[in-house]
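Shared chain: chain A. Partners: chain B in the first complex, chain C in the second.
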Partner chain A sequence: MEFQLQRKSKTRAFRNFLHRYPTVIPAVTLAIAVGLFALIVGERFFSPFNLTLVMQQVTIIGLLGIAQTLVILTAGIDLSVGVIMILSSVVMGRVSVTYGLPVELALFLGLATGFLCGLFNGLLVALIRLPPFIVTLGTWSVYGAIIYLVSRSETIRAQQIEDTAPFLQWTGNMIRLEGGAVITYGTILLLVVAAAVWYLLNRSSYGRHIYATGDEPDAARLAGIKTARTLIFVYVLCGVLCALAGWVLIGRIGAVSPLGNQTANLDAITAVVIGGTSLFGGRGSIIGTLMGALIVGVFRNGLALAGLDVLWQEFSVGLLIIAAVTIDQWVRKMSA
Partner chain B sequence: MTAIFKGAVCAAAMAASLLSAGIAAAQDRPIVGFITKTEGNPFFVAMRLGAEQMAEELDLDLRSFAARSSDDNESQVQAIENLIAAGAIGIAIVPNDEAAIVPAVERAREAGLLVISLNTALVPAEAADATFTTDNRAGGILIGEWARAHLGDAADTARIAMLDAAENQGLVDVERDQGFMEGFGIDVKDPNRWGDEEDERICGHAMTLGSEAGGRTAMETLLQQCPDITVVYTVNEPAAAGAYQALRAVGKDDGSVTIVSFDGGCPGVADVADGVIGATTQQYPLLMASMALEAIKEFAETGERPEPTPGLDFFNTGTTLVTDAPVDGVESIDTTAAMEICWG
Partner chain C sequence: MKPQAILEARSLEKYYGSVVAMDGADFDLYRGEILAVIGDNGAGKSTLIKALSGAVIPDSGQILLDGKPVHFRSPLDARNAGIETVYQTLALSPALSIADNMFLGRELHSGGTFGRMLGNMNMRQMRNQARDMLNELGLTTIQDINQPVETLSGGQRQGIAVARAAAFASQVIILDEPTAALGVKESLLVLKLIRDVRDRGISIVLISHNMPHVFEIADRIHIHRMGRRGAVVDPKKITMSDAVAIMTGALTVDDTAEKQA
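On to the complex of A and B.
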């Protein structure tokens, strides 16, 4: 009897611990995954080159994941992050390469595109009080159609961009370190953005407002927080970060393409969820999301190098999502 | 708040009036349906443009539809149903799911419409009145033969990366992949599946979804498995462009790796001219579309159905090898000539 009680309190203490430090689980998962693949695959996986390659591969999803985290912290969701990214990159490409305008202006207009897309989402969510899922399900289609209108379904080739607007590929520049590690400017940009958003969330009043709006919107309003303004701010920031991801995308593939990335929005949500952020809002972190993105990247890369079929990569990522949400539900029970 | 709703009502009214104006503009010309996969892919956009031009010429009322994504069967079924209801004389369709679309196609044929499958055959092929497509296997053989001749003796010790589109091993995907191997002189075992080959020159298969981003990641993965890759087969040119970026990142853009591809879109041909791609097989989506419309018109007037190319169970709209490094024994055109007839 006494033993049982003791065990119960231990479980509770553990749950308490997870509630306070939600990034522990993704951190442990990441460490185990890296260790496991280092054992199974060996040098080809556990080399500075390959580990930094995984970083490069998750940079875009990492940025979209940070944007998505902000929205999910307010108990919302943004299904349009992927299309905002592509639309912004298409605007950057067309303005600079097709119309021959200065590349700085192109970059600015691309970021402005992200700003406007986010603003539109935010206004619909905050002022008309439509559910974020429905709003962004709609704008996912709307922005997706605009991509094809603006790009006329044409690809702008890497060589064209190199000739006329090489600055668009700036994020793809590489720093080669001793031992074979390769860091792209895009990855550095990701880390800078992560640090800035972390600061915003944890060290500024904006951050407290965002958490409060997601946790208990009514209580937040009563406490004098302008929740509508907070929501609009969050969706706008999300849009701008997606546009930034669009710039990083050009650096990665060299070209501007309307194709591909159809599932980027879902991949971003996956990173957020595996990173321990609660889909019900108010709980989660940027560091968790970064680790969530890395976990998915490590699984994909490691399983591929181990020679496993693509289907098993999808399979295992799916299991990770379910496990992460299960843990979240279990931890949430404590606060209820 | 009311202002916003007023605005929404105004916008809806405007959209409705535009729509009805569009409907009124359609006259009593024979209706022909044109259904493609997605508006996102330049290949299908080129097809639609080809169809629009030809419809103008033949005085047909063209109704185009596109599915939302390339795995969306349902919206294509709905498009067929709408076309039957509208009294169309025929439909040209690029099926998203070659088997699942068949019941809808059968309903259309029962209603007296001529149905032509474009780009790929239905499963079974006889479900459509005709198939107008590229011979993807023959096109794959072209780039395989070119790569072998281009490498010379080095072909015997080549290390080959196979960048396909998707794990489900779709017909077009498999025919290009296996055609390339056949042309290169690899024992393909089962010609309707990849992955069963035992030739040690093949490093592995990775999936690109036919996009630049997918091409880059897939190439990075295979490079980790086989750093000594010398030949890269790619299912289309966006995947090739992505693969090239991955090769460049590790300094392998020095000519030590030969990339071959498929499509002959204008950006792809430009990539051949710039040395990114060694050779590509050009296909002709505009031709597929315009010939299909001619066949439908012919059927409506004379009742005659289009005949397949002799020896094949489809009408072959042709393929040409495009390269600036021609080899003996494989006919090809250079990038200047290809640029004049490229699409997208």
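On to the complex of A and C.
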């Protein structure tokens, strides 16, 4: 049967190419950014020590970004990822340090907190069918308030944790390699999580159902996919990954604080978007998100080392987001 | 010899409040035929079709598949019984590949029980089977099974949707307006494809508003009118305008019988 393909112009072919290989743009951007800062800043930027420092700096945003990617693939958004992370870390700290319970139990209850937060989001989105933006805007406030209830607005100092529950800081352990490279257990955890979620999205049928649910929910339902169940699964997994990020956060800063990381959810969304995942759902990848997080990390680190004011970091990251969404719109147009 | 019915419906009724969507509707699909279902807007043909595909549960009446009564509670039930439906919207996921779409919702797994638990897809087998199916149906211009569906033309997409139905249907395929969105040339190719699927032994229900297409391809035509079967006619023995006249009520079947006599 000879159905004719439409004739392709060069632009169209290029757009097709970007459509097939959406991670090309973040990959090229990352390569250019690294090259540029290596050139401008030189040794101080392009050293094993500094490059692995960037890795450490993006570990938390990378984890939250992976969690956020899952939700955005379903054409949703989770504004509560940052507060779920902090709430979970507060639960871990309170249970083990303040109440003196075993640290394994504290870790478990922290992850369970993430699970429940995600479950609540997922039930509201999938069963009551509220818009994810509104649901998570609400739970952002609710979970944020619970942080203060649980923590009583107290910070648990690093020394206290080291004395009573050092395992909570386990993710901050470092492996020092030749040449000054430093890798934390947290970064390794990020890579393990990324590999697992990559497998889920690319090799398992659950992943196909996640993409299909975000791409065309009616088609997914007619194909026999239980879209509500898929959505709940995604929000729950997102919550658990945020709790894991909470553990990594304790390792990174040593202490447990109800304050701080106010912009973590926005940074996570930034990493996802710069990584080429479409806010309209159905398109995107974990590798893209990792690169997105690295791009943001490289820009912040490089600009800081170049001696530029912090405002230029915000400025350039903002431009990156706008550019990424513009490209996504353009690539998506080919399906119209 | 009386032809053997594969899918039958007896006195189906469906009420939406005071609106009667099916008023004792009967239906017979014979094995290996293409049965076109035509009817004016509001005649209740889509309710009938939805009852046959499991999307609507009739208030009363009986549906028989291969002579045995069936009770579909959902489209999934109908699918499991061997009835595939190709919806007008095609129900394809544009960003996913052809192979992904063909197996969407019923992916093949590998790695035993553990693999199934993980949802571990057997991607090679899915790709090979999808390619074989397209080749068998002569959809050979689709070279790349990993191509996203949105890069395909309307006719190619329709081809994928039909191929998917053909791959999984053991008994019946219901096609809802398969040529409505297509140009002349692509329509003809899709009609040929439908005929090829029938020749593979699958019985086909075709819903269409396009009379030339109906008359070109149908073995029999079920004319639905006022919530029930108005007539079943042979496209070789009736003119297109008479069929439309029966559909709109301007003519009764007796009138046409007289004309033929």
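Simple rule for what comes next: the second predicted complex is superposed on the first by the 328 of 336 C-alpha atoms of A that agree within 3 Å, B and C clash if a C-alpha of one lies under 4 Å from a C-alpha of the other, contacts with A are read in each partner's own complex, and residues count from 1 in each chain.
Here is the rule we use: a contact is a pair of C-beta atoms (placed from the backbone, for glycine too) under 8 Å apart; a residue touches a chain by one contact, two chains touch by 3 or more.
Model, not experiment: these values are computed from the prediction.
*Asks:* Counting only touches as set out at the top, which of chain B and chain C does A:Val236 meet: first, second, both, neither?
*Replies:* A:Val236 sits against neither chain B nor chain C.
*Asks:* Does the superposition put A:Val81 against chain B (first), chain C (second), both, or neither?
*Replies:* So A:Val81 meets neither chain B nor chain C here.
*Asks:* Touching A:Ala165, do we find chain B (first), chain C (second), both, or neither?
*Replies:* A:Ala165 sits against neither chain B nor chain C.
*Asks:* Could you tell me if A:Asn16 is touching chain B, chain C, both of them or neither one (first, second, both, neither)?
*Replies:* After superposing on A, A:Asn16 lies in contact with chain C but is clear of chain B.
*Asks:* Is A:Arg208 contacted by the first partner chain B, the second partner chain C, both or neither?
*Replies:* Touch status of A:Arg208: second partner only.
*Asks:* After superposition on the shared chain, which partner residues are touched by A:Val95: those of chain B (first), chain C (second), both, or neither?
*Replies:* After superposing on A, A:Val95 lies clear of both chain B and chain C.
*Asks:* Just to be sure I read the superposition right, which of the two partners does A:Leu107 touch: chain B = first, chain C = second, or both, or neither?
*Replies:* neither
*Asks:* With both complexes overlaid on chain A, does A:Ile225 touch chain B (first), chain C (second), both or neither?
*Replies:* second
*Asks:* According to the stated criteria, A:Pro258 is in contact with first (chain B), second (chain C), both, or neither; which is it?
*Replies:* In the superposed model, A:Pro258 contacts chain B only, not chain C.
*Asks:* After overlaying the two complexes on chain A, where does the chain B footprint on chain A coincide with the chain C footprint?
*Replies:* In chain A, nothing is touched by chain B and also by chain C.
*Asks:* Applying the document's contact rule, which stretches of chain C touch chain A when the two form their complex?
*Replies:* 75-76, 79, 87, 89-96, 100, 104-107, 109, 118-121, 123, 137-142, 148, 150-153, 155-156, 159, 186, 189, 192-193
*Asks:* Taking the touch rule as given, give the residues of chain A at its contact with chain B in the complex, in rising order.
*Replies:* By the definition above, chain A touches chain B via 44, 50, 53, 57, 60, 127-128, 141, 145, 147-148, 152-155, 157-159, 172, 174, 182, 249, 252-255, 257-262, 301, 304-305, 307, 309-311.
*Asks:* Note which residues of chain A are touching chain C in the complex, please.
*Replies:* Contacts found on chain A: 1-6, 16, 19-20, 200, 203-209, 211-212, 215-216, 218-220, 222-225, 282-283, 334-335.
*Asks:* Where on chain B is chain A touching in the complex?
*Replies:* By the definition above, chain B touches chain A via 1, 4, 39-42, 45, 68-69, 167, 204, 206-207, 209-217, 220-221, 224-225, 238, 241-242, 244-245, 249, 267, 270-271, 274, 276, 344.
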